[in-house]
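Naming follows writing order (A, B, C and D), and every chain is counted from residue 1.
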Amino acid sequence: MLKVAVIGTGFIGSVHARNVARHPGVELAAVNDANFEFAKKAAAATGAEAVADVEEIFDNKNIEAVVIATPTNTHVDYLTRAAKAGKAIYCEKPIGLDYQEAEKAVSSVRETGVPVMLGFNRRFDASHAAVKQAVAKGEVGKVEIVQLTNRGPQPPPIEYVKVSGGQMRDQTIHFFDLLRWLTNDEPVEIYAIGGALVSAAIGEAGDVDTSIVSLRMASGALCQIDSSRRAAYGYDERIEVFGSDGMVESRRQNFRGMALYKGRTVIEDGMYPGWFERIESSYYQALDAFLQSVNQGTEPSPSLEDGLRAQLMADQATESLRTGRAIKLPA
Amino acid sequence: MLKVAVIGTGFIGSVHARNVARHPGVELAAVNDANFEFAKKAAAATGAEAVADVEEIFDNKNIEAVVIATPTNTHVDYLTRAAKAGKAIYCEKPIGLDYQEAEKAVSSVRETGVPVMLGFNRRFDASHAAVKQAVAKGEVGKVEIVQLTNRGPQPPPIEYVKVSGGQMRDQTIHFFDLLRWLTNDEPVEIYAIGGALVSAAIGEAGDVDTSIVSLRMASGALCQIDSSRRAAYGYDERIEVFGSDGMVESRRQNFRGMALYKGRTVIEDGMYPGWFERIESSYYQALDAFLQSVNQGTEPSPSLEDGLRAQLMADQATESLRTGRAIKLPA
Amino acid sequence: MLKVAVIGTGFIGSVHARNVARHPGVELAAVNDANFEFAKKAAAATGAEAVADVEEIFDNKNIEAVVIATPTNTHVDYLTRAAKAGKAIYCEKPIGLDYQEAEKAVSSVRETGVPVMLGFNRRFDASHAAVKQAVAKGEVGKVEIVQLTNRGPQPPPIEYVKVSGGQMRDQTIHFFDLLRWLTNDEPVEIYAIGGALVSAAIGEAGDVDTSIVSLRMASGALCQIDSSRRAAYGYDERIEVFGSDGMVESRRQNFRGMALYKGRTVIEDGMYPGWFERIESSYYQALDAFLQSVNQGTEPSPSLEDGLRAQLMADQATESLRTGRAIKLPA
Amino acid sequence: MLKVAVIGTGFIGSVHARNVARHPGVELAAVNDANFEFAKKAAAATGAEAVADVEEIFDNKNIEAVVIATPTNTHVDYLTRAAKAGKAIYCEKPIGLDYQEAEKAVSSVRETGVPVMLGFNRRFDASHAAVKQAVAKGEVGKVEIVQLTNRGPQPPPIEYVKVSGGQMRDQTIHFFDLLRWLTNDEPVEIYAIGGALVSAAIGEAGDVDTSIVSLRMASGALCQIDSSRRAAYGYDERIEVFGSDGMVESRRQNFRGMALYKGRTVIEDGMYPGWFERIESSYYQALDAFLQSVNQGTEPSPSLEDGLRAQLMADQATESLRTGRAIKLPA
């Protein structure tokens, strides 16, 4: 029985704790949170031990793996300490708030040789994964256009936005990662436009809430990503990969299968109300992939390197937003 | 240039006249209607000659083919006379009001040897035809369940209903034909239930406006047909063929491709408002098949025999409605 | 903390045990199975106590509610004993193998006054429940046609079929219940045709694997139910309620949202491979409704009475299958 | 009876000729083409007179309106001459090959005061028009993101590409017009990336066949347009307008309604094979709008001004493709 601890038991940390607890062949040994009440609550729900001092987790030789789900500004610290303690690590995205900080952390973690998986869970959504598989099998031929949509459902609190690093680093970063993963390719040109169309407060904080990023990949493929902090009709996430032989998509999905035919219309159930309902199951799949890597001694994927790359793209897109100019990168 | 005349230029006759007029390699030579004003109107719209006396058409040796689109109670008369005059005939369904009358007419027409096609135009709807083709290719394996839906949009005038022969003979007959065609099989058992749920007047006239027919085919396949004279959401026609290896359907089709995402719903455009909009294009395809048969000297299909079979099924279903008993037929 | 025991920990019993275990405010106190190894396995997965003798459960005053998920032929026995012991009961459908046995059991259970809910879980499927809600709100007006489809994915083992009471009592019974629930109405006429189109062994056992049931309800509404033991494309369950003002459906649902556009086709992900994946979440919702009833002292629904009614319909449909005649019932 | 002539009877000119011929209340008086054989063919199909010298049309006082469907490089010439002759004009897009030429022509046409409609027929597609109507009614609130897709089915001949003015002026121009029309807004920033991913010959001719254009509108709304000269799965055109209150789309439309359920997939009919099949009906609707304007003496729309604006956007996008820089425009 692999013993696992979860550090950080806010919303997503609690999801991870429950998933560890129900995963066969694994034991949720301990949970920790800067707010001990949160840890106790997660412990009660899962049967794990609540630990007040995270050092107990790092010192416990029986705990082989940790999930880091703390606020972004603490990732680098926990990541470094957990790596030094020799733990296998599942770390929520992003690695850090800026690329420099993240790169330094990655260097130091690499020296320890511990396996690390970065929490780009969307790769594990069943429909997205089926798209990736179709592309990898060559079903659409050579990739030419990728279209990624992510919207809503509502802006986070302005306090969160202020420390989030901006829409590119906080929200769009998932799609920078999906783009690299889907195409197995790297960007050579990034251009972004955006505005604070949803919330004046977001604009005053120097951020955008609505944006379009255009990218050219080394292969010549073109990509567009549209992001919005608010979709009045629920959470809307969509992937489309168009190539020389066809097109494959991960479609919008209605939250139920009811439809009402009235007058001149068909009224269907709409989107999932929130992002979590839409992609909830991908968290378990991501954790499962991590645990398999740990058990089999294989390299986890998405890797820290993937995290760095997406972070760099987010920085470059932020720079383009600021300057109004396309950023050209070496192929 | 094959010269064609259209006899009966009411709603559907006018559609046939326009289709003949725009069909390449064919000339619409003459149009006739018991109401000469109707004939003149159709003539003006197509450039054909309006003929007051139908005998002129039968006597005209240059006219090789006729389309009969007169009221049902005159079909047998025109059919017999056109056959005697040696014309190739496209005749609107049904052959007659009852099976006995129809069978007698068919015998007399057969003696003349003229080619006759019966206007079961739904066989020529592109989606229905694709279903037939898939079934014929064995895509669904051995057929086990057929489900046919036909609804609305609103009841015909009660005067029409009174002389129509009833819902089975007037409306459901198209689907009796589709069933035989799709399965290449014949019924051995028919059971029908129905009621006047839409219109009390239809009930008082001894007819039903809502019904379900269950059939067992010689192969063992089972079928259900639901018919309604009124669908509040437009015209709804659907085919589903389920077999040992899969299922194929001709789906409900929205009349446009607009969709609005609001709140917790997706509001799509609905069904076509009327049956004609939904199946309009099949009339041209049916006419085209008829003209090809005439030109190539092949046997037109659907044949008079198909017309008789469907008429018999309609009579039996009407009998089952009346008695509440299943009608068993020899395999 | 309401203490609950699960009796019978085969496939569905284990599902119930897991659901009780993860339901907040409830404790899974004990599990029992005629095969003690099964009970121990369920206990290990949930942290409950495995109990070798079911009497320990009935005798334990701390256990207020039981879930009965044993084989059908033992339902009446456990139901009666649990009722005498004063437990609230969630009982898997059907009540018994035939109506007489079931009715006797229901009489004796009623004398005890314990709350009993029958496990017609499909009522709790989110999409089906949305259809019910739309109908109840009058969205489709007066109900005229109900169409229910349930197919596949593959026949159960022939040993199971032989003791199942036949397709009507084992499979179609869920849809008899759905029909009554959706329409809030009772049947006055039942007619069924069927055959052993999938499995000769099922035919030799005197049962059918493919069937169509036609029903007329007291209100005049008509209904058709098609059932098949095998759908080559996964599990296919569908509801359609057509009324004077529109139509509402619980649609086929693809198991994922991937679609591939190639050549002249769009290749979508298909149905869920099995019935359990399709309706899994309804088991938790059903249990939740039961627990709410117990906590609030309200009458659970679906009730034993609902179970009896569906069982009677299944008996009548079986009789119609046998005789080829429609069964007329008093309105 | 308004008398109309069609000048240029290639593919699209012949479509216009047929549409004029079947439009009630209008007479197709004459057809002309630089290649007289083409004119004779169109005349035979419609009953109009084939005219060898276009001056006969301009001189004929009975002809009040002309449709110009000649090659792009002759538009300005015919437009100017037809205007001088006092004809009402329906002119195929674009006005000319470059903005300067077009602007000069527009000035000279305006002096004559004749009504001119520019052939941006996509505005008249039923689904697109329903999107426009929904946006105009405020169904989606304030527009924030517009996404336009137009792909395939295959590249035109390289000779055509060489004189077409490039992908922006020849293909994407329709979508520049749709964008202005849908948003009732003007661009303030345009950025385009593209490549010759489909055809090396197109690249050698200095053009692109795959491109993404990003635009910011004066209102702040953002837009992305992806264009490809080849979609392996048919013709793919799609509109999506996302706003503060919801989203509305003109969806991909399958060419038929057949679907086959096999194994783990649903195989639907795909897209229309070509652009013409998809938008054919919009040509008649556009012509109808033109004829109504002429009859009622109202200003036709889309106007020459609309043509100029779209042409300017195409020039700017072409400039961005060339320089790799965003083009900023005064709001």
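Rule of thumb we're sticking to: a contact is a pair of C-beta atoms (placed from the backbone, for glycine too) under 8 Å apart; a residue touches a chain by one contact, two chains touch by 3 or more.
Worth saying up front: this structure is predicted, and the values here are computed from it rather than measured.
> Quick one: which of A-C, A-B or B-D reuses the C-D interface, over half of the residue-numbered contact pairs in common?
A-B
> By the contact definition above, name the pair with the higher C-beta contact count: A-B or B-C.
Counting C-beta pairs in contact for A-B and B-C gives the edge to B-C.
> Could you give the separation in Å between the centres of chain B and chain C, each centre being the mean of its C-alpha atoms?
A distance of 41 Å separates the two centres.
> Can you check how far apart chain A and chain B are, centre to centre, with Cα atoms defining each centre and the answer in Å?
Spacing between the chain centres: roughly 57 Å.
> In chain A, which residues are in touch with two or more of the other chains?
232-233, 236, 245-247, 261-263, 269
> Inside the complex, what are the residues of chain A that reach chain C?
Going by the criterion above, the answer is residues 47, 126-127, 130-131, 134, 139-140, 245-253, 256-263, 269.
> Inside the complex, what are the residues of chain C that reach chain D?
232-234, 236, 254-255, 261-271, 273
> Show me the residue ranges of chain D that touch chain A in the complex, using the header's touch definition.
Within the complex, chain D contacts chain A at residues 141-142, 144-145, 147, 149, 151, 189, 191, 193-195, 197-198, 210-212, 214, 216, 220-224, 226, 228, 230-233, 236, 242-247, 324-326, 328.
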